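Next up, some structures in structure tokens.
Look at the two complexes coming up: subunit A is in both, with subunit B in one and subunit C in the other.
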Partner chain A sequence: MATRLNDKITAALIALGICLLVYISLMSPLLVVMIIVALLVVLLTYCEKTGIMDKVLHLLGSNTILTSVIFGLFIFLLPIIVQGNNDLLHIMIIAGILGIVALGLNFQIGGIGQINFAPAVFYGVGAYTTAFLSVKLGLSPWLGTVAGACMAIVAGVIIGLPALKARGYYLSLITIALQTIFTLMIINIPAIGGPNGIPGIPPYQIFGYSLHSSIRVLGMRLPYQVNYLYLVYILLALAIVAASRLFKSRYGIAWNAVDQDPVVAATQGVNLTKIQLLAFCLGAAFAGVAGSLYAHYTGFISNENFDFSQSLILICMVILGGSDNVPGVLTGALLLTMIDQKLMDYSNLRLLMYGIVLIVMLLVRAKGLLPKRVRIYDDRDRSTGAGEAKLAAEAGGKR
Partner chain B sequence: MGSFIASQMINAIMLACTLALIGIGFSLFFGVMDIVVFCLGDIAVAGAFCILGLTSLTGVYAALRGMFPAIVSNIILVICGGVFSAILVTVMYRTVVAPFEGKNINASLLSTVAAGYVIRELIGIFYPGGRDPQNFPNLLPAGCLFNNPMLSWRNIIIIGTTALVLVLLYWFVNRTKTGISIQALSQNKEASIMIGIDWHKMVFVTFLIGGFLLGVAGFLSASYSSTLRFDTGAMYGLLGFSVAVVGGLGSIYGALAGALVIAFVEVFVTGFIPGGAAFSGVAGFLIVVLFIIFKPEGILGEKSISKV
Partner chain C sequence: MDNLKILKTEKVGINFGGLKAVDSLDFEIGDETVGLIGPNGSGKTTFLNIISGIYKPSTGRVIFSGEELSSFAPDEIRKKGISRTFQTNRLCMNLSVIDNLLLGLYCEQKTNWLQAIFNRSLCMKEIDEGIDKCFQAISGFNPEIVDRAYELISTIPLIDRRRIEIARAIVGRPKLLLLDEPTAGLNKEETHQMIEDITKIRDSGNRISIIIIEHDMSVIAKISDRVACLNAGKKIAEGTFEEVSQSENVRMAYLGG
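Up next, the complex of A and B:
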């Protein structure tokens, strides 16, 4: 049908447009990126007001295979497009890693509505576990990553259990205290490196091929970042699928119910303990894997990577991009990582920028750049024209 | 052994005094506004930086010394620091707390944390050499009472100021009309407004007092350690909030009780547990976590039962 093809072409064009935007932002200097970001914010606000955003996201959502293929190809060809510039690849890798952590954090901030100030604890537990196991005990990095995820889940239970007794506000205070305890502990325990961190973390190896080796393609010598780019984005894709499915599942709905009113949710049969622990542990697992990726990628970790500022940065990503929806969180992660890396020359201003961005976002647009969409429960009639008309009528009536 | 214990006790008391002053600030704000404002530690440090700036950067202090005797100029300087902090508190309230009033409580917590970062970074960026530790001028009289180093004038003044603050606050909160209005406000806001208490004016007064107190607290702790770093505000904020929570958010004497508990725990862990110096902070925060989970109303707070 013509409309189907039209839809597919529009979706493809939008996806390609996004890829182009990312590419341009990567290549440009800081000032241009700031201008692009400002324009983007204006564009997004305009799209929200006129309802174009709903249509765009609906379009992209119905053609997931097409858009995933386009994004996948973009990442696959990125090293060649940027001609092996390892700085730019580094930006994308870090954006991917922090994107995974942010998706996990989103389960707590967006899902059950609790601000968790300690995502860096999960991130750090994953990183330190795998670093310790690989460096001191010689374990394979892959096993170390799995162990990192498991230890992070344990940390998730530790931080999530107080959630059962303390709600909202007090829970956030507990997470602040636990983040501080974690930072103090990793500085002071000599066995895991103390203030010097853990250097010399081995890279991943697949059947003897170390991911730290550069590859040769089409006559170009591409840096080792390429391997990590693919690894990180494969895992990010898995995380996106998991997060989206969780959002649409009964668990996601239960999370939102607990966010709105835990007492009502409990009376409707939601097991508060299980659901809240799930949010913390799943988020922790994501962050643990991301932490292990980071450790093996950079080869060196220290306490500065996992302190309160890092937690604040992650919270900023979720809030800026849009809490409780996957595209929003990813946008926040990508945007902030790009700006952060471009701000390297002005590293003095880094934390100031994050603080101001957070305050401004909370004041002006607490829902983020890409706010969460209203859930559509009745999917059955979507495929026919009648169904679409009905949905459009309902949406029009709501507005 | 005896003098070791005695010196540890003095350490604990000094630490408790500093923490108590900041904790009182937290409790005051929580009592009136029902939110924890996380940037109070940074505001205290900003007050101390103001005093530092007046002495080292500008010639104001020298000019004052020319006109008045030392003790008067010192007091004027401390008052300036306090006033600066009070102004900063009001600005901070207008920008990051007032917009979220009654609405999103999580957002206000997040924005005050962010505001703390902003204040800290602004000091680090805009104060000349702000990122380096600064030597704080010795404005308190030197020397000791009875020539006993533990009873130095500095220590006595710090303890004395804390006691004075507590006495003044007690008088203010219990014996003046404004103070009683503030108490009423923290107990039941709607009823207070209904009987005609001007809520905004009371909040403003609380800020002035709280801000001034924080400036003084910053000055005292900087004088005690003789150095000032732009990022000590982070730790003060965390410790101040811990102290207030342990003692009971909203209770002024609770802040003192909480400060004593945390200070003694920290000094005990540092002094008497081998290798404990590193973990004193951990012990302190662990106590806070336990209190929030099992006794969120703190030592002196009142249990509140929320109805469905």
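Up next, the complex of A and C:
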């Protein structure tokens, strides 16, 4: 009993530590963020070498409710913690939105091992669909979001069915071509604003309450970003739940098998077309929802938001954070968004510095900050004879 | 036993360019273990690849439980109850032992992706039962593997990898098991253990037919009820091990005399 309580306290402390780290890097200038990242890399490498990492992950994994409550509270209180600073809230919102896209992209990169160079296309399809419907046809933004996700899935099927006949480099080339076509297409269609984009996209409304109105709490005026922060992070939480459940289901295993050896996967009864299309469509759906959120949050979209560099940033989030690992992808999304936004101050050096950061991080940790880990079926261990015997032996040893 | 033939091939053949790798082969198997022997390049593995749907036959038909298989993809054929192992060990190196075994249950598990997301208890229950089945299958061969269930395949010794691959093939309770050189690369002691393992599957009480390709004649002699010998894609002898080993054709094929 005492050890379980201890475990809970330790897990809570680790979760609080992660929140604190996020808060500090959010508040600090770029240089401090870089130092924090460097220290983080050293700490992660040390923890992995000494095996502390496994224990920490086990602790967090077996206390999911407690840790998610802490993370939830952190997001809930964040507007007050940062005293309504809308720049910082903006960074967190963008990180959340891109986190949803990256989680979807991870089904393809981490799951079936196919690098899709066009995540921004599906992100853009979602954004443009809802923007067009709500600005030109006056449709409710909520319905627009659903339509955006559906259109992204349709695009996923239309592109996925023929494209998935190819694998590896060839599939990547097809997606690069797709990205280029998409960018050129939105510039050249006047109905969706062409190079001028679509301005004046209406905000979400809940029972007549616009999410673009600021709120007053405890005598503090909080900017409208607070509404979007909550909305985005609720959806991100749903995306996390979906992604981690799929990872641990038979689909996650089948995806990895297709990545390793398609012939073996097929002889085990895996339908290659269906399973790859599922990874593509789920990724597209996540991206479509995220794109709609972005459109209604910023109120303005143009081709620059969905070009090749945006796709590359999303791919970097997955690979650099740790592909096929939900916490890894989220870490990548958060860190890269923060670095990207803080680099805005160095406008002309931004891309150069961003590139340097990426190269250094990949040199130091080639498999990502939090690499993929073996699936542990936790609930199991306790019920098998072997697990019980092990636990009993451990308990005996401690006594 | 004749009317209980689970698999039958009628004049099955396949051409690779000008090469007839398998040449109008008639073959059948009932509730028994059949050894498939023959010199290198005689078309044994190609024959298994045709049965499991990896290659489509150029001529002839494959009939499994009264149903023609030639038009089906490998995953559909697996669902019908034919499962196989490979000559070179083909486990998924990026997965743990237990995940590799669970892959063998993929077509038996019923949860779709929506249930996997929204109905966690159903999904977990199915995986729980799956893990039980996998542990049962693998502990029949070597109980120690159960303790290493969460390790990556790359840390497991070769003989245990073979066992895991065979366990992956039988955990979904197939009706027909195709074993492609299960003892390749194993030493004498390990080969002996492998023979015992395969005997266990054969005598397990589940009705399972086995086709086994082997170069080690001691394995064939111990395991198979019947032996067929291929050479240059054609069947040159069939019968009990003694009959086949006495056959003049077989001696010619192996010794070239």
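Keep this in mind: the second predicted complex is superposed on the first by the 364 of 399 C-alpha atoms of A that agree within 3 Å, B and C clash if a C-alpha of one lies under 4 Å from a C-alpha of the other, contacts with A are read in each partner's own complex, and residues count from 1 in each chain.
Operating definition for what follows: contacts are C-beta pairs under 8 Å (C-beta built on N, C-alpha and C of every residue); 3 or more make two chains touch, one makes a residue touch a chain.
The shown structure was predicted, so the numbers you read here are calculated from the model rather than taken from an experiment.
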Partner chain(s) touched by A:V263 [first = subunit B, second = subunit C, both, neither]: both
Partner chain(s) touched by A:V374 [first = subunit B, second = subunit C, both, neither]: second
First, second, both or neither for A:I115, with subunit B first and subunit C second: first
Partner chain in contact with A:L343 - subunit B first, subunit C second, else both or neither: neither
Which of subunit B and subunit C A:L246 touches, first, second, both or neither: second
Subunit B versus subunit C as contact partner of A:L40, first or second or both or neither: neither
Which superposed partner A:A12 touches (first subunit B, second subunit C, both, neither): neither
Touched partner set for A:V56, first subunit B, second subunit C, both or neither: neither
Touching both subunit B and subunit C, residues of subunit A: 263
Sites on subunit A touched by subunit C in the complex: 241-242, 245-246, 248-251, 253-254, 256-257, 259-261, 263-272, 278, 282, 372, 374-377, 379-380, 383-384, 386
Footprint of subunit B on subunit A - complex, ascending: 113-115, 117, 162, 165-166, 168-170, 172-174, 176-178, 180-181, 184-185, 187-188, 263, 308-309, 312, 315, 319, 348-349, 351-352, 354-356, 358-359, 362-363, 366
Residues on subunit C engaged by subunit A in the complex (per definition of touch): 52-54, 73-75, 78-79, 83-84, 86, 90-96, 98-99, 102-107, 109, 111, 113, 116-117, 120, 123-124, 126-128, 131, 135, 146-147, 150-152, 168, 172
Subunit A contact footprint on subunit B (complex, rising order): 36, 95-96, 99-100, 104-107, 109-111, 113-118, 120-122, 124-125, 234, 238, 241-242, 245, 278-279, 281-282, 285-286, 288-289, 292-294, 296, 308
